[in-house]
Amino acid sequence: MNKVLILNGPNLNLLGERQPDIYPAPSLEDLNKELAGLAAELDLEPEFIQCNGEKEMVEALQNCRKRVSFVVLNPGAFTHYSYAIRDAIEAISVPVIEVHISNIFAREDFRSKSVVAPVCKGTIAGLGKESYRLALIAGKDLFAS
Amino acid sequence: MNKVLILNGPNLNLLGERQPDIYPAPSLEDLNKELAGLAAELDLEPEFIQCNGEKEMVEALQNCRKRVSFVVLNPGAFTHYSYAIRDAIEAISVPVIEVHISNIFAREDFRSKSVVAPVCKGTIAGLGKESYRLALIAGKDLFAS
Amino acid sequence: MNKVLILNGPNLNLLGERQPDIYPAPSLEDLNKELAGLAAELDLEPEFIQCNGEKEMVEALQNCRKRVSFVVLNPGAFTHYSYAIRDAIEAISVPVIEVHISNIFAREDFRSKSVVAPVCKGTIAGLGKESYRLALIAGKDLFAS
Amino acid sequence: MNKVLILNGPNLNLLGERQPDIYPAPSLEDLNKELAGLAAELDLEPEFIQCNGEKEMVEALQNCRKRVSFVVLNPGAFTHYSYAIRDAIEAISVPVIEVHISNIFAREDFRSKSVVAPVCKGTIAGLGKESYRLALIAGKDLFAS
Amino acid sequence: MNKVLILNGPNLNLLGERQPDIYPAPSLEDLNKELAGLAAELDLEPEFIQCNGEKEMVEALQNCRKRVSFVVLNPGAFTHYSYAIRDAIEAISVPVIEVHISNIFAREDFRSKSVVAPVCKGTIAGLGKESYRLALIAGKDLFAS
Amino acid sequence: MNKVLILNGPNLNLLGERQPDIYPAPSLEDLNKELAGLAAELDLEPEFIQCNGEKEMVEALQNCRKRVSFVVLNPGAFTHYSYAIRDAIEAISVPVIEVHISNIFAREDFRSKSVVAPVCKGTIAGLGKESYRLALIAGKDLFAS
Amino acid sequence: MNKVLILNGPNLNLLGERQPDIYPAPSLEDLNKELAGLAAELDLEPEFIQCNGEKEMVEALQNCRKRVSFVVLNPGAFTHYSYAIRDAIEAISVPVIEVHISNIFAREDFRSKSVVAPVCKGTIAGLGKESYRLALIAGKDLFAS
Amino acid sequence: MNKVLILNGPNLNLLGERQPDIYPAPSLEDLNKELAGLAAELDLEPEFIQCNGEKEMVEALQNCRKRVSFVVLNPGAFTHYSYAIRDAIEAISVPVIEVHISNIFAREDFRSKSVVAPVCKGTIAGLGKESYRLALIAGKDLFAS
Amino acid sequence: MNKVLILNGPNLNLLGERQPDIYPAPSLEDLNKELAGLAAELDLEPEFIQCNGEKEMVEALQNCRKRVSFVVLNPGAFTHYSYAIRDAIEAISVPVIEVHISNIFAREDFRSKSVVAPVCKGTIAGLGKESYRLALIAGKDLFAS
Amino acid sequence: MNKVLILNGPNLNLLGERQPDIYPAPSLEDLNKELAGLAAELDLEPEFIQCNGEKEMVEALQNCRKRVSFVVLNPGAFTHYSYAIRDAIEAISVPVIEVHISNIFAREDFRSKSVVAPVCKGTIAGLGKESYRLALIAGKDLFAS
Amino acid sequence: MNKVLILNGPNLNLLGERQPDIYPAPSLEDLNKELAGLAAELDLEPEFIQCNGEKEMVEALQNCRKRVSFVVLNPGAFTHYSYAIRDAIEAISVPVIEVHISNIFAREDFRSKSVVAPVCKGTIAGLGKESYRLALIAGKDLFAS
Amino acid sequence: MNKVLILNGPNLNLLGERQPDIYPAPSLEDLNKELAGLAAELDLEPEFIQCNGEKEMVEALQNCRKRVSFVVLNPGAFTHYSYAIRDAIEAISVPVIEVHISNIFAREDFRSKSVVAPVCKGTIAGLGKESYRLALIAGKDLFAS
């Protein structure tokens, strides 16, 4: 199975428009296009979902569980309090790699704690759009067959 | 009025599939079937809702408020942070019994705090599917007419 | 631009029915009618949204960003934990005034902390329906053109 | 083995006399009579012990360990600090169900933490004398043979 | 009775001179002049006191208790520790509206806690001189006769 | 009723022998003799109990509840953790005055918190044997008939 | 020397008028009259000061240091934060007895901590005007010559 | 004087039966037999007490104070909250060596804090029955004459 | 401008009399005389103010703002809680050097936190009267023209 | 400049030997060989340093500052307390990517806090030797010229 | 294997010179001589290392791992923060016994927490040089062959 | 003895190069040259040591103990966690004055706590290179003979 779900959380649809000093990435559409290119190179079949809702994220995780090799997850603000997403990650057997565009450890206090990190395989933070690229590469190496 | 709402929160739709050491219960469908049987014995008319979303839980609570004698509520991960569900319980006059399949006091730290417990009538935790059965019996004895 | 969004969070649809000692305001419908009258006097064009869901609030904030001069926001229970709503406020350039009907500093401990306050322009709490009225007046003075 | 120990902690001998708004139950004698009736229905042989002392509770737990199928335990105020009782529960192989008459999560802060809950099978709180009734039913279903 | 006390705490006499990025308001004299104008429109008789001392604030509150309909109070730095002022507010039967020029929730940690807020009727913060204007309007609507 | 219970907790039987710099009082026997004299002057009938056990203290409080006008209580180390004694005080209708020989606020950190103080009528600490004498006088004035 | 200073802090001038459920004492004037009578009986020469200001309390303590045998001090709200008063007590050699009319341990959290208690000889709280009476008696016994 | 008290706290009578992974020691009886042998070698006269009650431990400590050279104390669960035992140790002049079979710093959080350690001469933990043997040797070297 | 304000807080007027082990300095008068001598050597024109009141300190800071090159400030106990003094320092453009006679980091816990330090230019503590001398020298070097 | 420093902290020299369940990586030598291969592919010139000492790490960071384009840093246990290493990272202008073999957020509490993360460009954790590989790739993309 | 490493941390080279009230032991040289004698009696071959550096301690632990049966470790101040030493202990399979000369639980707060204790076999504290002697005896009994 | 050790900790060798906004001082070499000049004026014989290692700092402190009158110590980042340096200061009888170039109370939270301050004679912070100059002057006045 060589499918991967790239799942983005709330407000990431505004990427490129919102706080350009913190999120200098291109728009989400452009980012996804770039990631689709990289996925193709890696022989991965990507699926892109962005949701502003916790329920939608929980269900995206549940639904992918028989379909994908791994998930690249940027939970946005849900990183810091959504135990429902944490439980969804734990409930499925699919490996999840947590990514963040900005360095969450260098911003407001509340951002330095991720409630999903303990149930993810790994975390990549602070490297801009490169965070996603690395997650695809790692997932390919470690979890895709 | 002898109606009861049995309301389950996020990820409980995966019951039986997810972490069998912690949740050894049967599937949610089987559990509900069994509870329907017990409800019939108790002369209760059960309604079953499972939702992965906070909004859906808030509205299930709001909507039942003129229709049921009591609610059996397993808020799943929302137990630990959903003040919106807490407010919904406080806002309706229907008694709510909080149930948990696992012993939430014997797991990760964050699970030992329930933000809804203070506004529920009571809490039953750790007894597997029996937690739900007891809640039906208690609700019948205390709140159903 | 003289449009304003009046955005109410979870359980505020039960206003007037719920806990009358804390929320002695009229029903939400009546409140909105009254606010519509005031808006007219202030030459503002009001839009009213109430949602029980976090996603709906995030998207209401995102969607209004090119349409309104300011937002009057009562996040209800989300006040205390929704970093997703906080991020939405930060992501848009529209000024937001936070309002609360009750004095959130005089109730349960968890209510005295607002996670959205640091990114709002200001906060008005404890003055019943007057809190909304003042927010309209302030928004007119400060943000509407 | 169908024996059950119903073990009540300090000040529960004053039940019915003490703080009737919090403990509206009948006297302990009446409660025990009622529970004895239910036990008979459930084909259980109950033993009733109330003690005001920690040592007496520790030893009641130790002594019952070869004699009963399960214990229904209301540790009273010891709930919140008696690690000696906790150790006694851990030391014996008999399953213990923790019960509370009042909703301990809705009272003073110190009452919301139970140091014995992590080593009990489950917890039932807030349902008045029904808490004990449910514990008997659950114990019968789960632990009695 | 249509009198109102507008009571400003320590260092507010330096308004306009001090930290113009945080306090862009005009001088206190100019502000008071503007508020006097608004008060006249609202048919309120304003009294203005600014004190740098806690004793002076306590006594201003005590002394106004038989004379004014409500108080508009900006306690300055006392907001964060003066339980003496809190007790004075509690001791008098006059309603008090707390105001702040800056958004106290978006500055240093210590500023996000107000020890007087729980005994005030309401709080208005972050809206510059408009905070005072709104307090006058609210007081007129709610507390003046 | 003019009876009073003077109830001393663990290790107070060693008074006069133990840490003379902190407890410069005479022996407990001598102290009790002196208090008996004062009681006689006040027309009070004193009863003296010292126990090293929590159970004994709980039961002394329970048992006196129909017999005495008030209790003078020095809980010794139990002051800092015995919620069982706290519950006993709350359960009886007899007023209790807490006394301490030493200034518990000027010693180790753990001694500065009394878990029984909130349910006692008052607290007298730091005045040596005078603490007991004052408690007798106060009890006579306030609670004895 | 048989002089005693009875020093009352902020808002105690409103005694009898303020929150009668918490402070059922008579007016300060009446209380002082009663205490003057008791002082006479005890052969003490009382001096009465009430101040709403911290500076006034610090200086009253400093100034009495060569004139009185002991001080009866009710610091009012300053109890909870005035390290300046604490330092004044430490700086003088006169023994100070802290008194409180209400049971400060049974009210809001912030009231349960006294920053002056560690440097006072003793503390008497919760016994209404009797708290003062006891302090006079204790001071006479322990510190007056 | 060459007497030594070996004092064991609650649930240690179950040694060998309880949690063999944590407490792999032999039964208490066997342990005591072995320690008696070592004591004889060291020319010490041992006395063995095990109690499940705090009162019994306090009194064992008090009573031994004129009879033994030192105490080997395993307070069991009381280690973590019994300030009454702490006070008893402080009140007697006999040196006390605290011992623990298991490594209390490597288990649940609450076990890593000993309230008696600050008043004991020393602490020996984690070395199984060897902990007791070492305490006898140390006591012989340091405290026995 | 070569003027300097040497501003001392509450209880420093008792210097030399109070706690000689902590404050071995001479009397304030003598200290000031010595500092006047040093100031003369440094070609500085000193002004000495000591106040026991917070208001007086706030106003001394405000008033000196157009007159002095720098302030040497020992806030006494206000160091630990006076946000009003902190705000005054921030409000004026005059540099302030905080000084302490004793080592505030080696005394009671509450003394190790200074709420004014973050807005002062620097802090000098623990060096007795030398602390003031150094502050004069530093102010001369850094801030006087 | 295409040089990169791969800097490993204390105990990483034992890789492969130590706790194979947590660190299933090959030996450090083998890992470095593999990374050298990848570096070559990426046209990077790698330098490998492992040190067990904080000083050596600080100086390795200082010394590389004029020589390398970026640093791949696994600080080992220093992650959690070495502010000296943090300061060294801040002091040099070379970008640093923090890597961890294991998921530091899923282990002991103390490991979930990195004191260096706030001054690194990004963090990659939990992906075994892949963490290092990704860091090389990211550094090449972002920082190498 | 009968070798043992006796490893002392920073500042223990000053033993006998430094703070004689806390460390009344002889000089380190004398102590080591005495321990060498005891080791000979126990048929153990001792090796003595004292280092003031963390790196040296980490490497002493790493290097001994194939050579000794057990380690007697006094980490000195590193006890309280060196996670690098903790990791070294965990990384080697040699059992380590932690010793302290003084009672670390009876001194400053920071000393009561040992970050290495959870990975040592046991801890012996407070018994002066006897702490080392006991560790040798225990190691001989438990770990040497 | 008129020798003084000026001891600088990690990363201070980069002074002048590193973060010029925080450390506007000249290079360490230049600073030392300037201090040497001042020392000569003060008739002090200075010794300059800068080390990036904790061991080196501990040993510099130990080694100077028979040679210098006082130490001027800037521990750099070790300020915040090196209990080994603290112990070294306590172990020697030489007085130590702690200095900091920047105002450590106005930067990141972790910098506001110094673990060495309680054992130093005094602390001088925030005055740039002047901090060192003052320490030399103070040491000359107070500790040099």
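As written, the chain order gives the labels A, B, C, D, E, F, G, H, I, J, K and L, with residue 1 at the start of each chain.
In this text, a residue touches a chain if its C-beta (ideal position, glycine included) is under 8 Å from a C-beta of that chain, and two chains touch if they have at least 3 such contacts.
Keep in mind that what you see is a predicted model, and the values were worked out from it rather than measured.
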Co-neighbours of chain L and chain K - touch as defined: J
Shortest path length from chain C to chain H (each step joins two touching chains): 3
Chain H to chain L, fewest steps along touching chains: 2
Proportion of interface numbers common to chain E and chain I (over half same, under half different): different
Chain C-chain I separation of Cα centroids, rounded to whole Å: 47
Geometric centre distance via CA averages, chain I-chain A, whole Å: 54
Junction residues of chain B, two or more chains touched: 53-55, 81
Pairs of chains, among all present, that meet the touch criterion: A-B, A-C, A-J, B-C, B-D, C-E, D-F, D-H, E-G, E-I, F-G, F-H, G-I, H-K, I-L, J-K, J-L, K-L
For the chain D and chain F complex, residues of the former touching the latter: 9-11, 13-14, 17-19, 51-56, 76-78, 80-81, 110
Chain C - residues contacting chain A, complex: 53-55, 58-59, 62, 81-84, 86-88, 90-92, 115
Complex contact set, residues of chain K against chain H: 97, 103, 105-106, 112, 114, 117-128, 130-131, 133-134, 137-138, 141-142
